[in-house]
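Two complexes are shown next, each including subunit A; its partner changes from subunit B in the first to subunit C in the second.
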Partner chain A sequence: MSRRPPRGEYIETDTGNKVARKATLVGTQNIMLGGKTVIQPEVMIRGDLIRSIQSSSSSASGAAPNNTAVSIGRYCFLSRGCCLRPPGRLYKGAFTYMPLRMGDHVFVGPGSVVQAASIGSHVHIGARVAVGEFAIIKDYVRVLDGTVIPPNMVIPSFSIVAGQPARLIGEVPEGGHEAFELRDLYKTVGNNPQPAPS
Partner chain B sequence: MAAFVPYTYFQCPCSDSSTLAQSSGSNSPSSAHPDPDDGGIDDDSDRAFDPRAPRSNYSLYPLEYLLYCEDCHQIRCPRCVAEEIVTYYCPNCLFEVPSSNLKSEGNRCTRSCFQCPICIGPLAVTSIETKPDPNLLAAPDSASHSGPYALTCSYCNWTSTEVGIKFEKPNSIHAQLAKLRNGGTSRLTAKERKERRKDPAYTSQRAAAGSERESSDWQEDLDLETQFANLKLFYQSQLADPNSADHGLSSLGDLGFSSPSSLSRIMSIYTGGSLHDKKAKSRVGAMREALESDEGLQLADLDESAAISRLRQEGYDGTASTEQLLEQPPNLGEEHLHGRARFTAELRPIPYLLRTKRSKRCPVCRHIISKPEAKMQTTRFRIRLVAGSYIPSIAIRPLSLSGAGGSFSSSSTTTVPGAPLEPLKPAHFLLTFKNPIFETVKVTLGTPARTPGRFASKVTVLCPVFEIGANTDVWDEALKDSSGSDRDGRRRRGKGDEGGGGGSGGGGLTNQIEVGKIWERGRNWVSIVVEVMPASLHLREDEGDLPLREEEDVLEIPMFVRVEWEADVGGDEVGSAAHGRDSKEAREKRELAYWCVLGLGKIRRS
Partner chain C sequence: MTSYCRPAILSPKVQQGESKQSFPHCIKQPCSFPKIPQGRLLKSQRKITMSSKRHSIVPPVSQSGPKPPVQFSSSITISDSALLTGTNLIAISSESVIHPRAKLDSLAGRINIGRRCVVHERSVVGAVGTSGRITEAAVTLGDYVTVEVGASIEAGDTVIGDGTTVGVGAKVGAGAVIGKHCTLTPHTEIAAGEVVPDFTVVYSNGLRRPDRRGIAELKNKGQIRQIDVLRRMIPSNPAKFD
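Showing the complex of A and B:
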């Protein structure tokens, strides 16, 4: 903290995103950040894994192809060494990746690998968690450290899950909703971090 | 070993009969203050709260788990609230299940949501490819959506084909599975069973089988459902049979199972009639038990050799664990368990248990204190009275004074968090009380001078009485920041650094920490210092000391917190815990008192 690199460890964008210079973002044009999101060093986001087949019939075919691979909401916090990777599967006989969507106030712990199809808002993913392909995590979910969420698993709101494979171990209590807020955590990192309020 | 994280648990008054009486009756203001100087205990609960008492396990909760009843002005915990189910939904497909369906179809999802019986991971419906033909890749659409389907687990690669279950359609798996037994044979419905009995081919086959074996021993293998149906049919015919009742009672009408006479008749079978009168006795012979498999008799198959040989083959790993068996839903199409062990190869896919959204009521006044929106998708609450927005939260931080506080840029004067406490060396902790309400509150703390339990640590709260500012607008703080509180805090810290230059000795400490002074204060928070002298964990086993129990090395201090504030008199409030001393200004004095437990750290083992 005392010895800072001269340029600043983070790139701070106009929308308040704080992206570490040492983070690995592949295919940045396919990564959408909602703003005020922190990306710590050694984070990897695989924006290059885009949809190889456009969903032809369902979406408007005339419009520009939507190539978003990873979309992240506001006040998300991606800890050191975590990886966001869009999930892929066979679709109509051909392999394709699907976009990874993430809501607001999502914390991803260090060393976690996320391959979910969608993650809601106010989700806390602990350290060393593996979120399987096409998992769906709804709002206000706490995933404890070391959990392995199997592919295709759906985790409803207010769940606390843990274990390998993940199983429901509890419910988020009514008074625990505010603990998911990441506004204060956002302020504690960056080029001129503020101390955490006591 | 994981680092110790300091914690604060609050006691819900529901477990304590004295506080319950206190909350319902008028709160006498004469109840003695907890005397902080000698750490004495207040009089109204005549003993200190012992966090290690077995009862305490059930009444201590982190603040997030507690609710607050605005009418009773009391803390409510998950154990004492009354819950009411608002919505049922499947945790996998997230469909809401109406309660009428619940009565008819049970508490499991009746769509295609299944859990793996081995690892409880979710199962996905996949088609079983007949032949991986490379030519088919050219025209994938026609090829991939055909053929029989199976449930597969993407976590442990279990598939339902392992128990011989395949499905014809990829949808409504639950209905298809209900008709299937393990091994793929279909389960008979009641109608089919009846028809089978009439079927001449079946009866002849049965007769042949009967002649093959000794005729008296032969019996049909009944599954649970068939046996129950047969038995029920048999007993109903027995009850309806006019010959079985030689007294005039049953001739009064067709008495069903629920009539007292048939009940006493059934009872007389099992009690041997000795307890009953003569009438009942004479009726004993009138009813007989089932004798054939058609009547629901199933002889126990005591030959376990098949199970034993299978156990030899598959070993312990082949048997199902208790957890796996518990997860299994009751399966009516199943065979009897006579002489059978349970193997993992017999487990069936588990339909997802439904989950609920629940509202919570205060147990005393029956007011709703938490009510979620009924819709499954929304996460909002209509009513959510959590204790965290009524009572001050307590945060614990270790305070190191010898380290000269580190740099000025950070406010942290912390040691390595989670480090074990040295026995018999005074340690200091910073307790930060944060006031969530819009009034200034006065807090009074009381702790026993020595912690209860075998290893009594000394505890001193250096500033047991203080006031916390109201939780006003954030802008107020921003305006005040330039002039008031912040500078004050900085000054205090600066002075501490001057005084404690080399200070590990006792003299240095007194310069820094002043008794009766607040360490630091902010808009709606106050930090105070607690000094503890951890006890030595030395055991003298030759004198019969028991070995250290689990968690006994954690230094936990019970603390009685009394919060007083003045509030506007609400229109409809009864004000049970309030006394209107200055009621003319429509302000009433409120107080709330409760025990909490501070887990400060682990004491280093000697």
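Showing the complex of A and C:
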């Protein structure tokens, strides 16, 4: 009998990240996970698309280049089949990808494609959403299913957006920010999941 | 003990913050099987006993179906985790880029990809639709075509004109003919057999307007720059598909 424990569906790291074995992470050395992040199967993260032009401040100081392509905060939840890729554009006459930054408690729904420049904390992105390149989503934003966020759009805090292209359709009600917490959801997946508290 | 792996030195990134941790050091490699003596290694030991060579976790792609004949230009960039299946010829012209996990399916006919095209991950070129008919040229992409993440182009004499962008998750039906320099915004669906004239923007679930910006040339130049960068970032392995 094998003395090794059976291989679970997820790889659980010391910092509490749960990464599905069936997730496709390209260029893992450029992906930063804050901890307690769930990456479900069939998620794809393009960490290989790194910045090809360093910002002038870092190159002047002579420090080691910071190649982070995708950085994700704590308690993020990447649902099945979603895709995160850094946005790319022409900058000073050359093409470069820019890092994708994501705050804490960000939920990304199944089948969504995120190419934002930055996503704040406590953001809920529904299923099959396309977030255009260099979009900026601030904190406590709810993006409904099937939304297409055009490139370069800035979504202010506490807004609810929907539509193709995305429009602001409402605001998160007072006290509604509790719903963005993902701590409970984090416990419901993994190799020994716990049932969601009712 | 087999020399399956060398201890990786923790990168400086790890020291950036206590909670932030660079990812590859915390996971064990998912495929190839290190014969760990008894599985009794401490967690901390396990963390560093990982090949420093591994830069990705990419589950193996399932090569289902026949391996198609290919005709590649020598200057293309094709990731080795791209998926090529089918029975007919797949021709890719010079300087085009095929991202990892893009799928080209020539089961229903020949696939032609023009010069300096970029086919992003998870897109399907030559998806066998409901019709299932086999034609001479299943899908023809012109030059400077961009097929974005998760887009799907059905087979059956489908033509995408030069400089056209097929947006994230868009669907182009069998036999549709898309003109030159069009933009299909994300989640657009083009019905089978539809003809979209040159310089059209299809947006908001089917609305159309002409593109009068006159930036086709500039976009092409941008595409060249993008391909220059991608060529350095995506490890190309055309030999795998021969």
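Note that the second predicted complex is superposed on the first by the 187 of 198 C-alpha atoms of A that agree within 3 Å, B and C clash if a C-alpha of one lies under 4 Å from a C-alpha of the other, contacts with A are read in each partner's own complex, and residues count from 1 in each chain.
Please note the rule applied: a contact is a pair of C-beta atoms (placed from the backbone, for glycine too) under 8 Å apart; a residue touches a chain by one contact, two chains touch by 3 or more.
Remember, predicted model here, so these are calculated numbers, not experimental data.
Once the two complexes are overlaid on the shared chain, A:P165 sits against subunit B and subunit C alike.
Shared-chain residue A:K92: touches subunit B; no touch with subunit C.
Look at A:I50: by the touch rule set out above, it reaches subunit C but stays clear of subunit B. Of the two partner chains placed by the overlay, subunit B and subunit C both lie in contact with A:G132.
By the touch criterion defined above, A:G175 lies against subunit B but remains apart from subunit C after alignment on the C-alpha atoms of chain A. By the touch criterion stated above, A:T15 is placed in contact with subunit C alone, subunit B being left untouched.
In the superposition on chain A, A:Y75 makes contact with neither subunit B nor subunit C.
In the superposition on chain A, A:F107 contacts neither subunit B nor subunit C.
When subunit A is checked against subunit B and against subunit C, the one touching more of its residues turns out to be C. In the superposition on the C-alpha atoms of chain A, the part of subunit A touched by subunit B in one complex and by subunit C in the other spans residues 2, 90, 93-94, 132, 148, 150, 165. Against subunit A, in their complex, subunit C makes its touches with residues 11-13, 19-24, 26-28, 30, 36, 38-40, 43-44, 47, 54-59, 81, 100-101, 121-122, 149-150, 167-169, 185-187, 203-205, 222, 225-226, 228-229, 232-234. Subunit B meets subunit A in the complex at residues 63-67, 78, 89, 91-94, 119-122, 124, 137, 140-141, 143-144, 153-156, 355, 360, 370, 376, 379, 381, 384, 386-388, 395, 397, 407, 409-412, 430, 432, 522, 525, 527. Residues of subunit A that touch subunit C in their complex: 2-5, 11, 13-15, 17, 19, 21-29, 31-35, 44, 46-50, 52, 64, 68, 71, 74, 83, 85, 88, 90, 93-97, 111, 113, 115, 128, 130, 132, 146, 148, 150, 163-165.
Residues of subunit A touching subunit B in their complex: 1-2, 90, 92-94, 122, 132, 138-140, 148, 150-159, 165, 167-168, 173-176, 178-179, 195, 198.
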